[in-house]
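Common to both upcoming complexes is chain A, partnered first by chain B, then by chain C.
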Partner chain A sequence: MKVELRHIHKHFGAVHANNDVSLTVEAGTIHGLLGENGAGKSTLVKILSGFITRDSGEVVLDGRTAHIQSPADALRYGIGMLHQDPLDFPPLTAIENFMAGSLAMRAILNPRAAERTFRALCAQFNFDIDPQARVSDLTVGERQQLEIVRLLANGVGTLILDEPTTGISASQKTLLFEALRKLAGEGKSIIFVSHKLEDVEELCDCVTVMRRGQVVGELDLRADGLRQTEGKWPRDQHFSIAARIVEMMFGKELAMPVKPPTHQDEVILSVEGLVLRSDRLEMRIEHLAVQRGEVIGVAGLEGSGQQLFLMACAGLERPAAGTIRLADRDLTHKPYRDFLQAGVCYVPADRLRDGLISGLTIQEHVALRTSNRRLFINRAAATAEAERAIATFNIRGRPDTLVERLSGGNQQRTQLALMPSPLNVLLMEHPTRGLDIESTLWVWQQLIARCKQGTAIVFASSDLDEIVQYSDRVMVFSGGRVSPPIAASELTADSLGQMIGGRF
Partner chain B sequence: MLYRVGAFVISLVLIGLVVVLSGASPITVIGRMLSGAFGTADQIGRVVATLSPLLLCAAGLVYTFNAGLYNLGVEGQITFGAIAATLVLRLLHPEGASASLAPPPLTIALAIVAGGIGGVLWGLLAGALHVYGRISEIFAGLGLNFAATGIAIYLIFGPWKRPGVASLSGTQPFDESLWLGTFGQTEATPVALILGLIALAITIVVMRNTYFGLRLRAVGKNLRASYVLGVPARRQLLSAFFICGLFAGVAGALQVVGVFHRLIPNISSNLGFLGLLVVMLVNFDPRWILPVAFFFSALNIGSLQLPLSLGLESSLSGVIQGLLVLFALIGRGLAQRYGRKLEH
Partner chain C sequence: MEFNQLLVILATAIAAATPLVFACIGETITERAGVINLSAEGTVMLCAMVGFVVAKATESVWLGFVGATVIGALIALIVAYGTITLKQSQIAIGFVLALLCSDLSAYLGNPYVRIPGPTVPPAFPIPILQDIPLIGPLFFREGDVLVYAGYVLIAATWVYFYRTRGGLTLRAVGEQPAAAFARGHNVVALRYAYTLIGGALMGIAGAAFSLDFKAGWSYRHTAGYGWIALAIVIFGGWNPLRAALGAYLFGILQSLASVAQSAIPDVPTQAFTVAPFVLMILVLVLTSGDWLDRLLSYLPVSARRSLSRALRTAPPAALGRPFEQD
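Showing the complex of A and B:
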């Protein structure tokens, strides 16, 4: 089925998540949709699959305008979506899930007929799922296969996959890719949403790249000069494609470094042979020594382990191996409060989920941070303290303002105001995400002032300009591999792009 | 505000409707309930006797609710407190002995302390299951309620049975020297009332003016963020279970030494559940507990007269309390959902 999205617009509050997005997916092709978190790709495919409604724009299927208001509508038009976290019923068995998602809902179930269809479809794609197995006992990859089979039984002509290769094994990935190629061969169209370059390169016929709610480029990977040999790109070709895609994702020109030198000779944070594991990836950092006053920028496509690394340095994640030292103290496997006492502070990206407490006021946050061995809260002192923080950090709010009523920028200012002083190591995710230019400059002014006092900062950001402008050295994370730190002044858009694509 | 007042009015209308449907005039019912609760000194005494343990339970539940916990195990904590108190009374004043091994006031005091310890044990058990075993505190609490009642029934029919015949009406009543003193000839005991009021006063101060209260609220509102900000989250959760168990256990001990003077199977008299309703109705703010708990106590005692004088079910008080809380929660939910939209 040929899918055309024409001039799609979607706003969430003040955010223009899709700004005049047009996308054409030919029947029989696998189309990659790439972009960083927040680029608008999920919004776009959710509009196509009926999970959210567009503000304006048109969906055209095989030349005819479609009216999609709900996922059921989309399914009737033959559009099925495979979500990142499978939308199934874990307590039910595989075959029950298969039947529950059937479009032809009848009053009386026919389990035997359903099982025949199920087995036939599974055999077609070499999927091996026991129909009687409980979904909660299946792996993510198997649940994905179940979803694909279920959608195919409903006769979908277009399959959307959102980040399908996170959390599945290599063999399941091979199986999945074979199945997708087969489906494309049958004339179905596949939309493959990802931020993993290697998957897109291996699988897709075309790639569309989105950035900040807009389409910033398309690349036809079947075009002349980009010929694959046996499903793999020649090594140089691979990097030139990766570099072109990264260039589209992040832009061509990098900003110039603006940060004054602030680092001192003393090493404050050192990491040796650190191994971090999550259910999605494993990575290893051989050696890293961060000096007082230094800023280390952590670049890479989102979900490449940056958060895991920062949380491990903050004592919120246990490393599988290796040591973390602060100055001359070994903090490996020590409880989080030891890290706090040693002057380590973690400022998370998701402010209202991980950093601030909805329902408490600015003043209560300040009191919570300063809470010591005293029993009673001195209200006057707490208010004065909060007022001072509000004045210093220029927060648009009063001491008794609830944090969830603050704007994103003011929430970030509040997070900064809550940082203890003195501070040895500051670990931050996306220090300026969602902030306007003025606030961004202001935040970095504050952070650099901290560096001058001897605080070392390690921050992750998906804004490469921010990385190059404010870092002394940059580490790049790519698919479980971590580059050694490189001086920011030596980086170019090209070299950084190639590193993010995995070449280092 | 509009939603809350609206919800309150609707609940009053529905209560009136229930009364009318059951064949009585709301005015008469109110009158009878008032006279049933406050008509005689004896009746006032019973209202106060209900109020005292209710204050203790409600005050304890303020901690768990503010820590984001639904401590449905409060009933079991009362029961286990009562069992512990009975144990101490039986040890210090063995059956058949003419006098206790310790002076009666000391015996009573020790029984109340034992009740507190028993409640703490039962509360911490639920807390440990929740914090370390990752079991929902609701199910842990409900399960432990059955366990506590089971133990009480076993003791009443087994080791602590009355001489001669075991009976559901409970163990052999204690010697009158071990009964808590009362206001005149009523059922109300000053000690219980004072303990209830002290617990409530402490709770109000703790929640409003201490770092402990602030940390408890922080943990209840966002466990993860408060942990990242340096609040020892597990300790806060366990402290909430500790304090709630303590207050509930003391309430259980007071039921033994002040009201029933023996261990009975339903020693908690559902005061724990009533406490949950009170705290939910006041939106976890301890400052409003006293009036609401008093109102609920009066409702409970006042409705006892209804079957006799009007031929109505005495469970009407339960319907009234249930409707009030239900609509208060609905009103709060609506205010949260739509009230904010109006502001934007």
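Showing the complex of A and C:
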């Protein structure tokens, strides 16, 4: 089925999540949709699959306008979507999941017939799922396979996969890719949403790149005889394609460094032979020594281990090997409390989930921070201190404003106001995500003022301009590998793009 | 005591548990869809009153049941509107309705206290089935129409839950409404429907008290049974067979208590009336712990699966949560 999305617009409040997005997916192709978090990919595919209604624009299937208002409508048009977190029923068995919502089922269920269909479909794709197993006992990869088989049984002609390679094993990924190629071979169209370059390169026929709600480029990977057999690229070509995609994702020109030198000679944070493991990533950082007053920018596609690294430095993630030292103290495997006492502070990306406490006011946050153990809160003191913080940090709110009522910029200001002082190491994720220019500049002013007092900052960001503007040195994370820190002044858009694509 | 005498006592206890069976099945259906109808206590009581009044006024027991069913569904409609459409707390709305409806029954039912009224036609044995040893005398001799309707309801609900497409969808909606929505189901409409059906069954339970097993009307005539039904649903692990079993067990234990009490007068009365609850808590503790899984892991896979399904007491995952479409 040929799928065309024409001039799609979608607003969420003030955010223009899809701004005049058009996308054409030919029948029998695998089309990659690439972009950083928040680029608008998910919004676009959710519009196509009926989960979100568009503000304006048109969906055209095989040349005919389609009216999709709900997932039920989308299914009737033969559009099925695999969600990043499988949308299934964990307490039910695999076969019950297969039958639930199936268009082919009669009022009285016939589990035997369903099981025959199920086994036949599984055999086609070499999927091995026990029909009687409870879905909660299956791995994410198996649940994905179950969803694919279920959608196919419902006659889906267009399959959308949202970040399908997150959380599945390498062999499951191979199996998945084989299945998708086979389906494309049968004339079905596949939309593959991802922020992982290597997956898109290996699998897709075409790529569309989105940034900030808009399509910023398309690339036909089959053109000019580029595609070799089985998705393997000659080494040089691989990097030139990666570089072109990265360029589309992040833009061509980099901003100029604006940060004044603030670093002092004394090393404050040092990391040796650090090995970090999560369920889908293993990485190793040989040696890193951060000086007082220095800013280290951590670049890379999202999910390449940046958060893991920052959390390990904050004492929130247990390294598998290696040491973390703060000045002269060895903090490896020490409890989080010791990290706090040593003057380490972690500011997470999700401000309302991990950083602040929704339901509490600014002054209650201030009161929570005090370490005295008296029974009653000194409200007057807390209010006074909150007022002081509001004035110094220019927060648009009152001491009794609930934090979730603050705008993103003001939440970030509140987080900064709550940071302890003095501070040795500040670890931040996306310090200015979702902030307007004024707030961004202000936040960095504050951060640089901290550096002048001797705080070292390590921050991760998906905004390459921010990385180059404010870092002294930059580390690049790519698929479990970590580059040594490089002086920001030596970086070019091209070299950074190549590194993010995996070449260093 | 003669064995046959004991059988009659047990059979009477089983029959007397019928209103509880209706209430438990109704609540089980509602909760399976993800909605807790906490108003059970008030619904049962108000419907007992309404059933009695309607039957008295129309001189028809069956119209009394119709009235009670309608009122039960109406109360459920308030629950559904408040929790599904207005997305308010299921606990708050249900609890307030429980209090409101029981007080309303006392106020409106005052003129009808302790006067005679129509009752369900007397018990009759079921041919053939009554001759089955043990089962016959226990289940098929001392019952009336409602008792037998209760059996049919239990079986039908089980078949619906586990053998039909509608039942699978019902379970799906209570576990993961977002996924059900993704598969094209109208989650809101389904939740409304099952809440109303559950409320209607609780209405029947109320009328079953006032027109049959505790005939008549008095101040707080059915006090406590609604809460007990809610507890039995949990004990029943949201499975209609187990919930019914719980209801019958409760009835049996209560009647045995009265027998035992006359036999051992030294033990205080309260010990016997709370015994069923202690037993329920014990069973819940035993069937929800990790150790059960460990014990089951020694069994072959097929036996393990059916046993764990029969013993499992995890609530529907989306129970009590409003459905938000993003």
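One rule holds in what follows: the second predicted complex is superposed on the first by the 493 of 504 C-alpha atoms of A that agree within 3 Å, B and C clash if a C-alpha of one lies under 4 Å from a C-alpha of the other, contacts with A are read in each partner's own complex, and residues count from 1 in each chain.
One rule holds for everything that comes next: contacts are C-beta pairs under 8 Å (C-beta built on N, C-alpha and C of every residue); 3 or more make two chains touch, one makes a residue touch a chain.
What you see is a predicted model; the values in this text were computed from it and never measured.
Overlay on chain A: chain B and chain C clash in the combined arrangement. Contacts of A:E364 after superposition on the shared chain: chain B is touched, whereas chain C is not. Contacts of A:Q132 after superposition on the shared chain: chain C is touched, whereas chain B is not. Of the two partner chains placed by the overlay, only chain B lies in contact with A:G355; chain C stays clear of it. Shared-chain residue A:H67: touches no atom of chain B or chain C. In the superposition on chain A, A:M99 makes contact with chain C only, while chain B stays out of contact range.
In the superposition on chain A, A:F89 makes contact with chain C only, while chain B stays out of contact range. Among the listed stretches 58-66, 76-84 or 94-102 of chain C, only 94-102 clashes with chain B once the two complexes are superposed. Taken in their complex, chain A has these residues touching chain C: 51-52, 70-72, 75-76, 81, 83, 87-92, 96, 99-101, 105-109, 132, 134. Contacts from chain C toward chain A in the complex involve residues 163-166, 168-169, 171-172, 175-176, 178-186, 302, 305, 314, 316-317, 325-326. By the touch criterion given at the top, residues 316, 336-337, 340, 346, 348, 352-360, 364-365, 367-369, 371-372, 374-377, 379, 418 of chain A touch chain B in their complex. On the side of chain B, the complex with chain A involves touching residues 209-212, 214-215, 217-218, 221-222, 224-232.
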